[in-house]
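The following block contains the structure, expressed as structure tokens.
Chain nomenclature is as follows: A, B, C, D and E, assigned in order of appearance, with residue numbering initiated at 1 for each chain independently.
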Amino acid sequence: DAHEGERGRDGQLNIIYWQAPSILNPYLSGGTKDIEASSLIIEPLARYDQTGAMVPYLAEEIPTVGNGGVSEDLTTITWKLKEGLLWSDGTPVTSADVVFTAQYCMDPEGGCAQLSKFDGVETVEALDDLTVKVTFGAAQPNPYQPFMGGQSPIIQAAQFAECLGAKAPECTDANFGPIGTGPFVVTDFRTNDVIELVANDNYRDPSKPAFATVTFKGGGDATAAGRAVLETGEFDYAWNLQLAPDVIASMAEAGVGTPVSAFGTLVERLEMNMTDPSPSLEEGVRATAAAPHPFLSDEAVRRALSMAIDRDLLVEVGYGQAGRPTCNLVPGPEIYASTENTGCLVQDIEGANALLDDAGWVDSNGDGIREKDGVELRILYQTSTNAVRQDFQALIKEWWGEIGVETELRNIDSSVFFGGDPGSPDTFQRFYADVEMYANNFDGTDPQAYLGQYTCDKAPKPESQWQGENINRFCDPAYDALVAELGATADQAERSRIAIALNDMLTKDTMTIVPLVDRGRVSAHANSLAGVVLNTWDSELWNAADWYRVGDNR
Amino acid sequence: MTDATLNAVEKPRNQWWDVWAQFRTHKGAVAGLCFLIFITLFVTLGPVLWDVDPGKLNIRNKNVRPIYMGLFGGDAKVAWANPMGTDNLGRDIMANIMAGGRVSLAVGWTAMILAVFLGTLIGVLAGYFKRLDGLLMRFTDLVLALPLLPLLLVMMLLFRDPLRATFGPENGIFILIVTGIGITSWMQTARIVRGDVMALKEREFVLAARSIGTPARRMITRHLLPNVMSPIMVSATLGLATAIITESALSFLGLGFPSDFPTWGKILFDSVDRMTAFPERVIWPGLAISLTVLAVNYIGDGLRDALDPRIRGQ
Amino acid sequence: MPDGALPVLDVRDLKTVFKTRSGEVHAVNDVSFSLRPGELLGVVGESGSGKSVTMMSLLGLLPSPPADVRNGSVMFDDKDLLNVDAETLRKVRGGKIGFVFQDPMTSLNPVFTVGIQIMEPLRKHMSMSKKQAAVRSQELLELVGIPDAKRRLDDYPHQFSGGMRQRVMIAIALACDPQVLIADEPTTALDVTIQAQILELMKELRTKLGMAVIWITHDLGVIAGIADRVMVMYGGQVVEHAPVANLFNDPQHPYTRALLKTIPTIHGERAARLTVIEGQPPIMTAAPASCPFRDRCDVAFDRCENENPQRYDLGAGHDAACFYNARTGAPRDA
Amino acid sequence: MLIYTIRRLLISIPTLLFIAFVIFMLLELAPGDPMAQMPLTIPPEVKEKMRLALGLGEPWWVRFPLWLKQFFIVEPQYWIDNAFGTNFADGAQRIISFQSRSPVFEIIAERMPQTLWVVGMSYVVGVLIALPIGIISAYRQYSVFDQAGTFVSMIGFSVPPFFSGVLLIVIFSVQLKWLPSIYDTTHVVSDWDSFVFQLRQMVMPVMVLALQTTAQVSRYMRASMLDNLTQDYVRTARAKGMTESVVVLKHVLRNSMIPVVTVIALGIPAIFGGAIITEQIFKVNGLGQLLIIALQGNDIPMVMTITFLLAVLIVMMNLIADVLYGILDPRIRYD
Amino acid sequence: MLDTPQTPLVSVRDLKMHFPIHAGLLRRRVGEVKAVDGVSFDVMEGETLGLVGESGCGKSTCGRAVLRLYDITSGEITIDGAEIGDTSQSKLRKMRPTMQMVFQDPQASLNPRMTVEAIIKEPLDEHTKLSEAEKREKVGELMDAVGLNRQFAKRYPQAFSGGQRQRIGIARALALNPKFIVCDEPIAALDVSIQAQVVNLLEDLQEQLGLTYLFISHDLSMVRHIATRVAVMYLGKIVELAPREELYAEPLHPYTKALLSAVPEPDPSLATSNERIVLQGDVPSPANPPEGCNFCTRCPSVMDICKTVEPEYFEVAPGRFTACHLYQNTNDTAD
């Protein structure tokens, strides 16, 4: 490789995120922008690479049952730190820091955003200076939750010692400039605006990073970020260009930069409401299991709605190379993907019409809308405000019109839609609509928790302040049993089988969830920036230490 | 004085006719009025002649360029069925501009009428009744200091469902936006009207009306309101322009109409990303907004002259 | 006053027209008069008769458009003020001809102190230093009878009463020792008692400074007290012009006669009923082709309809523009 | 005048408190939740914990007085402590942003430079362009200059900044590559080159914002000049033999500026709050962007503090406008 | 006519109208403009009482207070047997038809947006139940009465000359057949040649309809012509009240003397011979009147007592009232 050399040889690197980081402590913010920005500075014990495989960072190696790092009964995992690691302030990294990190996040008063990473953790103890043992309360088929990936990096005990519990938010200096082991060190942090960084003198590889300084700019919109990398060349790297494919393509024509894309687990889907959201119902009954949906509870209707959709066209309009049609809720990693489930990929308007006719949904009064027993197929279809989603809405409304279903569109500001405010009728959890569209994914590579969201008890309801992840209130005891089985299985092949079965139950078997597009991530980098490996399983900046400059465009 | 037919009362010299006569002499205002009439006809009667559904997708026929690009031997994709072209989902741009204009103009007019109504009401009350003055003016200060964005969010939350239930989804949101813009833009009018009413109150004809025994209500309707017409007219024209612009800014901030409900502001905003590849998509709505605002402002200028008796008298 | 002295100001056939949307307004029609050194020429006439426009035309003070000084000459200092460059005209204004306007409330700039406003012409025309100008303006204020002049230089116009403001206006007009002072209804907006003060002041100043004055008013009483000669205007024209005693004792034009009769007095017999001049003053939309007063005249005859009378010389510096000879009681020869 | 000012200040205290209360209740009623930005993968229990950690568990009648206390007592104490090295604050809780968990006032202070550079400068530039346009338009009413000025300023008024801004970027950054499209807030002006860079990055946002200011202020200036040009004192000045420049630029201008100055003062709060879109487009990340991000993130303490500061600014500017009126116009004496 | 025993139609006793001045931090009432300060007079049925004085001495305020267009500070007003000094405005509305007013500025006192017919009809609308046609007929009659051409009923006031406008105002005042009309400087804004027309009209109407006038003016010669008795006001007080002939022939109060001598005489021979009394200085502010006699600051024959003791207003001779120490003494000794 031509990029060997001394640290800092390539000068300045400019990164732009159109969402601006507000804090550099991922334990106090779950925001992707914050987690990714902090990944330049602080590191976990191990990360996932672009294929979803684990690679050790601060750890010597990945502990497994095979190498004895994970106990046979899956209740403990023992990590070993690399030797000679230094914090950017020159002090050594020890197992005490790892233990402190756990203590910091698990403090009940701290409001730790990554608390779920420490689910089931009983104790974290330092066996010696470089060895840490995590003990779980029960067998943990996936013990790689704590200290793994961008969400759970190791913070310095010395710096955060005073910031435990309720004091956590007040440690502004630490939250804005954590001392880390990563390739860069913060020199200036302006919340929601810009971060200035310099290369970490104590980084473990003396020839890295290649860049001496980094400017991490936040704010604006995806178009402007794309333009700055692809058209004007002011910036070297732009994150997550959520733009229509033709817009990206026309920007790329300028020849200054290149869009890159990769797929993860993010799936844009339609959620069918299994309960009745009608405003005529009293609160407490509305949109709860007590009131089944007047027509979406009929599987034929749901299936017909799915059949009417041309997913190829959706991809073409909305995502281009950064999307592919899918019928799966869990599109990856490969071992978990249900390869059989492709039935939805071909649009079949006639089939859908026939299906509805057979099920007794016919347009008897000639108004163009099918009905049965006085129930008309009128759908309120909501999603968050976003240009591509609105294009999707328009297209889908059109297709549903062709099968005699009338659709009213609604879009809600994303901060409200995803806001989870129990008082707001507009959250995706309240689901005061018949169909809603959004995208979701899971962290890391294991879908267990993700699939576990659709058990009966996780349905949002008034008693739980409308919290809960089972958005469409799907409820099937068989599904719940299978989820429990998955939680107790360690064997990889068996896990895959169960996960695929769960996925199919939600999608192709019942059409409760109608997946549309497996959304990749598109980012862009300048043509003069090399070493970029787009990673959807971890922070996009996971290998920023390996980035370097090519060509004369320094 | 000719006393030919003593008993036949002379045909009323309608003052609005005078206003019109004066107005006509302002070239900009007349041009503005012509444009406003044209654009109003375009968006109201246009859809009757051009009955293409603005929401109708024709994905296979997307990105058609406006007809003039094909006229001069260009090899652009053009179609007579879509004289202004189509957008990235194949919706007809001309139909959208018409539909969007209807909404934008409707928002502009109603929000303006609301703002002018509120402003006049509060201004007149504050100016006429000394007791209410302090209170109402503090209230005006208060509203001036309120941030528009959270206010709209709250209104959306509190009133969207009831409005939607009563007026249907589109009218419901229309009412919300119009009210939002209206109740956040009446303050200037209120201040001006208040000032003018206070000055008018000192004029002798008001005193004269009092000496006749005219009660407050008729004093306001008969003597004060007609005389504050010209500042009201001027704030009305400004208000119409501001409302159209505010609506487009709301689209930018994601607080506007549902996505399948075009307005000029939203069409413009949606097209900004493809500005270089398809300049016509920003030019049409941009031109429509600018020219309407310009026209309305010129009309305002002309009206100000026409309603000013000092100028009109000459 | 020697009759033969050369006039300081000589106006010939002045004609001023306003272009308005509804056509032209002939505000001043062939007005001629002259002003001899040291004399006070009174100009009377009802509202709209063109008094102010005439005087403002002399110094080019009318906004153009709409005003258009069509023809005529205004000889002052051997120069025709209608045909000089802007710079010369500027020097004459304020420097050699002072102007006092009707409304003292609006004629002073409200945001500058009185001192600044008096000093302005001094510094401009007499190239005085700030200090000299300050001293001189104090003298001027004392001259026009404002007590505590030094302190009041720093006051703003609104801090003065109407009468005092008019004195300030006079002080400004007198600042550069002008040869001519034009006073356009300087007392109309004031109370009688204050008017009396100003009239006293004017008499005093004239004896002290010996300048020529044109005094516009519509109050014949004021004219009677101070003028040497009087010019009566009607419909943009001079209808009668005479030494003051002649005019009051032997008015020749029917308009002058009617005017004198309409005024009630506080002395003498109280008339049971006031005499009125019926009708309205004319609207001058075209150059007059007939006598402007004919519709309201009690001695009008055919000729008045068809011809606009010239100013007939009646001797002893008296002239009147009327076809009817009041002395003989018969029409003049055609 | 002093007494008048004090009286107005006294009256403004209850007004401001009431405004604070209304803003607070608005935010309280508004939908949305500070946890909105959190990924969907965070389970509800954890979100609930975080919410409690932000202090959202308390009812509004506890939080509002707390905010008042923090705003009016604690923050000034910190300020004094910083300036004089005292210790009044004694570790009391400051107003903390939900999003960044740092003191709101520090973030606002951080945002001031770019806000002042760009927004402030645009206002200054806008006014400086507007005044001569207004003066000439009025002096030569209905001339070609007047007509063109009217036309251009109205176009400027009517083009939404999200369009004009992007248009400028496409022309000057993308096509011509003359100017940067993204504002560097960390840039420090230390020498000529860095000053030139600062100018280059300011040009476009300043122009977009100034266009709006110019459009409005020049209209007011023109109207005000027209009012004054027909006044009697103008004729007096001419009769005194003053040159046209003295007449127009001294006598008329001074009088015309009185209402315009107050209009300018009253416009200042609007421009601070109204620059949101322009800031967003050029990534100036000033106060406007801070407000919009805080709104989107339901960062209540931040929104509350910024909007309240804007309200204070509005009330103060109202007062300043009135006082300025009194200073500029000797006829007006408040007592 | 003067000899017949007369009954007062209007009787005013110790009328005071003070306008409050607010100042200070809390806008406390710190003083008052004593615009009318203890005025007493009677207006006999069918007579014209002239009220003269310098600008700002309270003539208009007095006229308006008598008609209760202001809420007066104190005093009694009896019009046509009814005491209206403290009647509420709503009750007064019913009594308005007896008392009417003609205003100074014929331009300002007519609503520019109403037609002549609407203006004259307004009192009929408010107080009568006539049908539209009857009202129109009545308007026609009124227009005839004041010498306006009925044809012009649908014109707007702007289309009339000053004198005609004043006629409209008079027609409006006459609409309800009042007994008492306050004419507040009805001719001040008119040209000399027009003044006479209006005054003659007023006199004719008085004769035909038996009206009673309070005629406010500062034109002493016109008052001499129209009034039967004349009251002279100075700084909120009546200083002299006397039948017309006596007052003009032999004024008592030094102020009256000065006022009369200041009237310019349209006769050059008289004008030069007459010795003028020129008063020095201006009228003091009614907010802060001098101690003692109001006129002591300008009085040519001021005495020590004038500066401390306020002179009483009393009847020096039958029908002649004055308030001056010069006559008080003689009166005292004569007693």
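In the analysis below, a residue touches a chain if its C-beta (ideal position, glycine included) is under 8 Å from a C-beta of that chain, and two chains touch if they have at least 3 such contacts.
The chain lineup, named per UniProt: B, D = Peptide/nickel transport system permease protein; E = Oligopeptide transport system ATP-binding protein.
As the structure is a prediction and not an experimental result, all values here were calculated from the model.
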Quick one: which chains contact chain A and chain D both?
-> B
Path length in the contact graph (chain A to chain E, fewest steps) | 2
Looking at CA centres, what chain is most distant from chain E?
-> A
With respect to inter-chain C-beta contacts, which pair, C-E or C-D, contains the greater number?
-> C-E
Separation of chain C from chain D, taking each centre as the mean of its C-alpha atoms, in whole Å | 55
Any idea how many Å lie between the Cα centroids of chain B and chain E?
-> 50
Distance from the CA centroid of chain A to that of chain B, rounded to the nearest Å?
-> 45
Would you mind listing the residues of chain B that make contact with two or more other chains?
-> 153, 157, 272, 276
Please list all residues of chain E that touch 2 or more other chains.
-> none
Residues in chain D with touches to at least two other chains are numbered 31-32, 174, 295
Over in the complex, which chain D residues touch chain B? Could you list them?
-> 15, 18-19, 22-23, 26-27, 29-32, 147, 150-151, 154-155, 157-160, 162-163, 166-167, 170, 174, 273, 276-277, 291-292, 295, 303, 307, 310-311, 314-315, 318
Chain D partner contacts - residues on chain B that touch it in the complex = 28, 138, 141-142, 144-147, 149-151, 153-154, 156-158, 241, 245, 248-249, 252-253, 265, 268-269, 272, 275-276, 282, 286, 289-290, 292-294, 297-298, 301
Which chain D residues qualify as touching chain A in the complex?
-> 31-33, 35-54, 93, 96-97, 99-103, 106-107, 110-111, 169, 173-174, 177, 180-182, 184-186, 280-281, 283, 285, 289-290, 293, 295-298
Of all residues in chain A, those that touch chain D in their complex | 16, 20, 22-23, 25, 28-32, 108-113, 115-116, 166, 168-170, 172, 175-176, 188, 190-194, 196, 215, 217-221, 224, 227-228, 231-232, 234-235, 254, 413-416, 418-421, 423-426, 438, 440-443, 449-450, 464-465, 467-469
Over in the complex, which chain C residues touch chain D? Could you list them?
-> 56, 59, 61, 63, 90-95, 98-99, 101, 103, 106-112, 120-121, 124-125, 156, 158, 169, 172
